[in-house]
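Here's a structure for you.
Read from first to last, the chains carry the letters A, B, C and D; within each, the first residue is number 1.
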Amino acid sequence: MGTNRLEAFSDGVIAILITIMVLEMKPPQGDGLAALAPVAPVFLSYVLSFVYLAIYWNNHHHMLHTTRRVSGGVLWANLHLLFWLSLIPFVTGWMGRNHFSATPTAMYGVVLFMAANAYSILQWTIIASQGEDSILKDALGGDWKGKGSILLYLIAIGSAFYAEWIADAIYVGVALMWLIPDRRIELALERRKTND
Amino acid sequence: MGTNRLEAFSDGVIAILITIMVLEMKPPQGDGLAALAPVAPVFLSYVLSFVYLAIYWNNHHHMLHTTRRVSGGVLWANLHLLFWLSLIPFVTGWMGRNHFSATPTAMYGVVLFMAANAYSILQWTIIASQGEDSILKDALGGDWKGKGSILLYLIAIGSAFYAEWIADAIYVGVALMWLIPDRRIELALERRKTND
Amino acid sequence: MGTNRLEAFSDGVIAILITIMVLEMKPPQGDGLAALAPVAPVFLSYVLSFVYLAIYWNNHHHMLHTTRRVSGGVLWANLHLLFWLSLIPFVTGWMGRNHFSATPTAMYGVVLFMAANAYSILQWTIIASQGEDSILKDALGGDWKGKGSILLYLIAIGSAFYAEWIADAIYVGVALMWLIPDRRIELALERRKTND
Amino acid sequence: MGTNRLEAFSDGVIAILITIMVLEMKPPQGDGLAALAPVAPVFLSYVLSFVYLAIYWNNHHHMLHTTRRVSGGVLWANLHLLFWLSLIPFVTGWMGRNHFSATPTAMYGVVLFMAANAYSILQWTIIASQGEDSILKDALGGDWKGKGSILLYLIAIGSAFYAEWIADAIYVGVALMWLIPDRRIELALERRKTND
């Protein structure tokens, strides 16, 4: 079975998630700039989550370029990833409404942590279905970036109860780390072509 | 007429349904873990419905692999299925808010029952449009899994008024039964290829 | 320019419209069957609008099968149709909440009337872009069904202020008229093939 | 990497944005025409934003016809554009609820200004990725229409604090300017074909 419909469905879900978070930002009743002030933390949490979902979409897009056939296991690993991503609007709203206080900030990290694990599981499921000659395995290598992110989320969850700004700084830092274009998959695809 | 646009539209509707249920989970006002407690049943009902919609998407995806042309009857049978699926967020929200009490739990089963019937109707409409040589008919055989699910939903609806946990256990059980990869369609496609 | 992206965008908008209407049906707070009673009129108006949007999607799907190239005029005529369709959830909610009272019922007809006109404009824009040899023109003939529907909506709008049930009966009647499979476009496509 | 999935994702996001604005228009509780009066400004702001999003979708559609390959930079420039477009429902709701008063009207202009800049950045990113022989660069020329719109938004933001109607008139005027079909890209594509 081809990857078309898997991509279309994932695109649909991520597109909806990225836009329904905006519904959480209620237009204020007053009409001065001061009326916007209470919306500011909700806006900041929206920007952060927009960037995270955009990174996931981007990486998902690249990952599926290495694969042509989709097994039942891959379908479910993908749905598992979408499940954790679907909780991002909820924790974003909770964190924004409570001005980045300890528990919501930690819970935001828990969802990022689970989503990152789900992404890893999806990667290994695809690699397993590709067999020995997996391009994706080639591209990932030790996947230090993925493993590092998961470790950093754990540190953020713990530090949220000590000082929230550390957790927030880690979330921003991990996002920036992934924003820098990642050429691992493109390089692996090129290497493969050269060898053929 | 091809299946492309039917798939795209169904994917769109299911992707939206699976994500708007998250809007039903309102981020709580408080910021402690205790504030999350009232959200717990809504969360559990969300997980259950996410899995059900994922199963429907998955099976729908496989079923359409057996067909190439779409008749007017198939279009409407598909819209009929989407109608019943579209009621899942409503009954999910109702069941979650009322902590899985009797009537909402039974009503959840009614919607699952109607959706399962709509799925059967869609199957038979496709089979009828494929004529004698239908691959889908080949794959389904007696469709004991589909018929059994419908029967189990009926039992769940009745037992909800006696003890809600029986109904909930049945909903979880049927979902697990479908989560186990179903190779009927893939096997039928392979058999067909071998015969050619 | 091809029709692919026009179809994808229209599918997206119609899929979202058909599902967000469900958000208008708020799960009731109580947990008995009696708690569902106030939701009943909202549910009925939802069913009616679901069927209307499904009919529009279905006919749109068929209409675009007759065309290959999309001009700027067609793009805007299509967006104009989507605009009127996008108001259906609003009037559906208004009519449902007010138990099909006079003004909301008439306003529902106004939106159906405008959408039907927008659909006609889209048809004629496509026909104009296809030139003399238009398959769509061939298929439509005098388009009595389209013109009749527009006239019936006008009658419904007027009669809503006299007796709401007449308007409601007309809305149901027109929907049923379109539910019966319309083979005009399929026949025109077949005729064309035979002639070639 | 091809443009397919970029188009599909952008279509999804724009389709959702254009439809969720309708959720901001709450069906009124009363059932007379008078009950619709408070909805009027929200409706007007909805129409304006619908047209703006439709124009963006339309131009995006044309722009991507000039390109075949998508670089990492283009993916992010596109997501940056989608971010600013995603704020349109928020400022639309704020402006509509406050009857087009000064600050919300100015803020609406700020979002249009940022979106227009994001669109320019996306254009230049695509041109840079196409190299010397860029069709898009050919089509845009000095891009006076794009630059003029950005300047007009700046004037509108300033004048909103002096007299709101000037800002509103500018928003409507710029929209009308873009509604008139823009044949620059089509002409450039034709010229290219003739030269080959």
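Throughout what follows, a residue touches a chain if its C-beta (ideal position, glycine included) is under 8 Å from a C-beta of that chain, and two chains touch if they have at least 3 such contacts.
The shown structure was predicted, so the numbers you read here are calculated from the model rather than taken from an experiment.
Rotation relating subunit B to subunit C, from a C-alpha superposition: 90°, rounded in steps of 5. Looking at which positions face the partner, subunit A and subunit B present mostly different ones, since fewer than half of the interface numbers are shared. Rounded to whole angstrom units, the spacing between the C-alpha centres of subunit C and subunit D is 27. In whole angstrom, the spacing between the mean C-alpha positions of subunit B and subunit D is 38.
Residues of subunit D in contact with two or more other chains: 8, 12, 16, 20, 23. Taken pairwise by the contact criterion, the protein chains form one closed cycle in which every chain touches exactly two others.
Residues 1, 5, 8-9, 12-13, 16-17, 20, 23-24, 72-73, 75-76, 79, 82-83, 86-87, 89-91, 93-94, 97-98, 101-104, 107 of subunit D touch subunit A in their complex.
Here subunit C touches subunit B in the complex through residues 7-8, 11-12, 14-16, 18-20, 22-23, 25-33, 35-36, 47, 50, 54, 57-58, 61-62, 65, 179, 181, 183, going by the rule given at the top.
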